[in-house]
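This report refers to the structure that appears directly beneath it.
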Amino acid sequence: MANSKFEYVKQFEQPDSLLPNTWIVVRLDGRGFTKFSTKYAFEKPNDKRALDLMNAAARSVMSELPDITIAYGVSDEYSFVFHKSCTLFERRASKLVSTIVSTFTAYYIHHWPTYFVDGPPLSPPLPSFDGRAVCYPSVQNLRDYMSWRQVDCHINNLYNTTFWALINQGGMDGTAAELMLKGTFSADKNEILFKKFGINYNNEPEMFKKGSVVFRNYELVEPGTKKVSEEEAEEMSSSAVPEVKSKSQVEKDKKVRTKAKIVVEHLDIIRDEFWERRPWLLSGTPGKVPKEP
Amino acid sequence: MANSKFEYVKQFEQPDSLLPNTWIVVRLDGRGFTKFSTKYAFEKPNDKRALDLMNAAARSVMSELPDITIAYGVSDEYSFVFHKSCTLFERRASKLVSTIVSTFTAYYIHHWPTYFVDGPPLSPPLPSFDGRAVCYPSVQNLRDYMSWRQVDCHINNLYNTTFWALINQGGMDGTAAELMLKGTFSADKNEILFKKFGINYNNEPEMFKKGSVVFRNYELVEPGTKKVSEEEAEEMSSSAVPEVKSKSQVEKDKKVRTKAKIVVEHLDIIRDEFWERRPWLLSGTPGKVPKEP
Amino acid sequence: MANSKFEYVKQFEQPDSLLPNTWIVVRLDGRGFTKFSTKYAFEKPNDKRALDLMNAAARSVMSELPDITIAYGVSDEYSFVFHKSCTLFERRASKLVSTIVSTFTAYYIHHWPTYFVDGPPLSPPLPSFDGRAVCYPSVQNLRDYMSWRQVDCHINNLYNTTFWALINQGGMDGTAAELMLKGTFSADKNEILFKKFGINYNNEPEMFKKGSVVFRNYELVEPGTKKVSEEEAEEMSSSAVPEVKSKSQVEKDKKVRTKAKIVVEHLDIIRDEFWERRPWLLSGTPGKVPKEP
Amino acid sequence: MANSKFEYVKQFEQPDSLLPNTWIVVRLDGRGFTKFSTKYAFEKPNDKRALDLMNAAARSVMSELPDITIAYGVSDEYSFVFHKSCTLFERRASKLVSTIVSTFTAYYIHHWPTYFVDGPPLSPPLPSFDGRAVCYPSVQNLRDYMSWRQVDCHINNLYNTTFWALINQGGMDGTAAELMLKGTFSADKNEILFKKFGINYNNEPEMFKKGSVVFRNYELVEPGTKKVSEEEAEEMSSSAVPEVKSKSQVEKDKKVRTKAKIVVEHLDIIRDEFWERRPWLLSGTPGKVPKEP
């Protein structure tokens, strides 16, 4: 065929499959969102519409890619987790990253008018996201990654809440507010909020304080009843060859997953409880679909 | 800081910078576009609206990322080329790929109503794209890559044009048409088109036959006048250290690039002429902005 | 400095650090050892001198690189294992592989006259080895790797023992022997050995049947007493951040390791017992140095 | 087969083929040679025996691996260059690096007694080398790499020659000599050598000043006659698909290469002349074997 003369250029494609039996995290970040959020007058320190839109996009990504186990979002970033046994796209990094980033972007643009009802419509330059994939060998590494993002959320939100209170309610300018917060600890910021502005940080919305976690929901497991501890999860997932499930089992799992509702919650994902009550997140096996009330 | 306990997880990020002094091609492809094109009743074998939309998205990508030298699109795929001296995002593969794919997707969704005026609005599942980056060490390798895509365009379009003529005008079903075309050569297909349906393939729209090439337009160089041959281009770009231009030169180049019009054309990019008349594509130095008429 | 003009070429070096928190196995293989073993008249199916030389070289490698936890050798190949917490050479693949292969080769050449006392001295082309590194995320994956090599040893040795018995004692030529063994199972080969040649395969030397395992020796742990199960090992090694040991602890560990004797044994490394009685192999913490008798 | 249960571990091997159409440089370095050279009382600043041994080992590597085009060595390091069209070992980095490092080490150990005739025999810890591979896309990049190493050789040798003259002839201790040379330029060092010790640096041995370059020797090409310029070399090597030579041509080339003498010389490899007179180094096509006198 005439084409063969040039086809040799395919040889330059280099494989980029990620190490098997490791958890894959794809994190995406908004590009130039400081400027973008100014253009569309995002509320400070948190714009509920913008966060709801991020969550809606994330939920759509999870719905289109059932291989994703859990996602966690804060501000203009979102992390998507594939189970260590995942073989989607032969675990090719660029394919996994680009698919998630593209799908997320599509829904972000598409849902924009639903969440920014009264604002101006989107106009170029449009919002966009970049992303990357990272592998985590153990459950502990994965959970530490998730904890890292949630601690980051907390630290940033406490800072931003105080910073914007000083500006919006305290009448300071940005430089003065920054100077005032320099070197302060959490306790200091809590006190400023409370003493100066009567704000009890604990009463701030959970979404702002904890970020958003997205997952398929099944019946919660009572702690103590059928606890799947980290070690067991590790053990389960470390058995020789990601156990090949029978075809009928795979089909059954898929059906259960499709039925499962994808929820967006604002929970503490650092403590064990979250994971112990939702053993399906680490085991890779769907739980029990809750009965309709 | 409280965060430091978990921050160690950052160590798991692995560098993915692409080899310096090589041409970077990022190609994106529509995901599941067979199904998608059926849902929105794309015309067969080519839907002008869909191709115009692809081209509009590609032009927007180039406009937002001035580091892109040239792009080539056909069907639901698009290739974007970065000059070998490019240092955008430190040449990190995942960042380059995800940024292009996300930006492209954003404009594709955004411009949809402009191009599909009478059709139904987009609804989930939304169109999305995946992508990957490939490095080409020499100008010849790069041009062979571009030629590969354009030859592919030609082969597929001739096949599809004949196939759909057999179905739409010839009343065949898909299986019969496929059977009839099996083992045929280009000449056979040309003859079928002409004898059976009075179609002269040469008169088909250039966009269908050649695909679309997108680039910044400057004054064409007369062949022979100031020919920049491949060898010279190679030489220019192979000099020690991607020559560090002075800051003022970089600024000047940038201004010229911003003024330059991004055009979408349907030209033969296999022959030397295309490249010889547009030396800026391979040299990485912007040409002369044409005077307004 | 005059050198700076060219120093940019350092930018082309690409990082190759292996994923943290994974077990690193470096396996080396003899290059062209079929020809080499003929040149020096290795005994078939096993040449004790050649295996002892491999083992001596491996022991020297372990002695020079205390970061190596365990090694396993069979025929002309040797696998060296670094603990998942290892940070030697920043885990750079090429540095780890080249250092092990070079050190191994040096001792192989150096010790040759000690093991091949009566044979001709080495002459060009000299024996050499190639190598590669592979990462294994879980203890189970690592143990499966080790089991894979030992099963391979068993399968090959049973085959070779029978094959060479047919030739050396049975008077067959290679082709006839090969044909006879085609499609046979282990039981068949055992029977051929026993019935035809009065060889009880079980009485063959352990080194031939099981290969050689090299490790630092400490006091064995009584099974049941202080069992360190796989799960515990996994857990231990999966805790957040490869626990940074105190400097004095690292020094103490180092001293213990230096005192420990490196042994070469021929044991079953597939069954749990081997690992349970030597918890230091998976925990990464040296055991108790046995008292001198 | 019994083995299949564990064979899945092979999936963890990750491909490491180097980008096609790029020059591959494998550089090896002595490990801990400061200590090693003290142990065997190497002469300072240069030990002719040690350098001759390095060169002998490099020559043997080139003789065993005809794919190597040229090598350059200085002190305890050696760089081996594969032509950009090379496909040895499918261009796998670990295989290329480990093979070269192992072969080099083997000959270094083997030839030791030939070069260190009067010294003590080698004893553990034995000398060893580590290595890495780097890709260079253009001829210019490759030549700049070679120039970088030769400039480094010159700078270090001038420094070391002066440093050791101050110590050996000038009676200084190391600290005083270091202090004296701090901040000096080449001219200063030349002057110190000449004025203080009557040493004309230009008369120092070429091997010390220029390092050693190893290559297959053919008839030199008269400059101007059939000059193969850099640009032409670039062009030649940048044509589509590393031109597949006919089998008989490959065989013929191989024969010519085997006949060619591998020489070790001490020439300026920075200037064009070296490369212009030896066009086979960059073209990848062997030259004319010189007639025996």
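Each chain carries a letter (A, B, C and D) given by its place in the written order, and its residues are counted from 1.
Keep in mind that, in the parts below, a contact is a pair of C-beta atoms (placed from the backbone, for glycine too) under 8 Å apart; a residue touches a chain by one contact, two chains touch by 3 or more.
Treat the numbers as computed from the prediction; the structure is a model and nothing was measured.
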Name the chain whose C-alpha centroid is most distant from the C-alpha centroid of subunit A. D
Thinking of B-C, which of B-D, A-D or C-D forms a repeat of its interface, with over half the contact pairs identical? A-D
Here the gap between subunit A and subunit B, centre to centre from mean Cα coordinates and rounded to Å, is 32
Please work out the Cα centroid separation of subunit A and subunit C, and write it as a whole number of Å. 43
Mind pulling the subunit D residues that touch 2 or more other chains? 6, 8, 12, 14, 19-21, 135-136, 141, 144, 240-241
Which of the residues in subunit B come into contact with subunit D in the complex? 19-22, 84, 135-141, 144, 230-232, 234-235, 237-240
Provide the residue numbers of subunit A that touch subunit B in the complex, in ascending order. 1-3, 6-10, 12-14, 16, 28, 31, 60, 64, 92-95, 97-99, 101-110, 122, 124-136, 141, 144-145, 147-148, 151-152, 155, 186
Complex interface listing, subunit A residues touching subunit D: 5-6, 8, 11-12, 14-15, 17, 19-21, 240-241
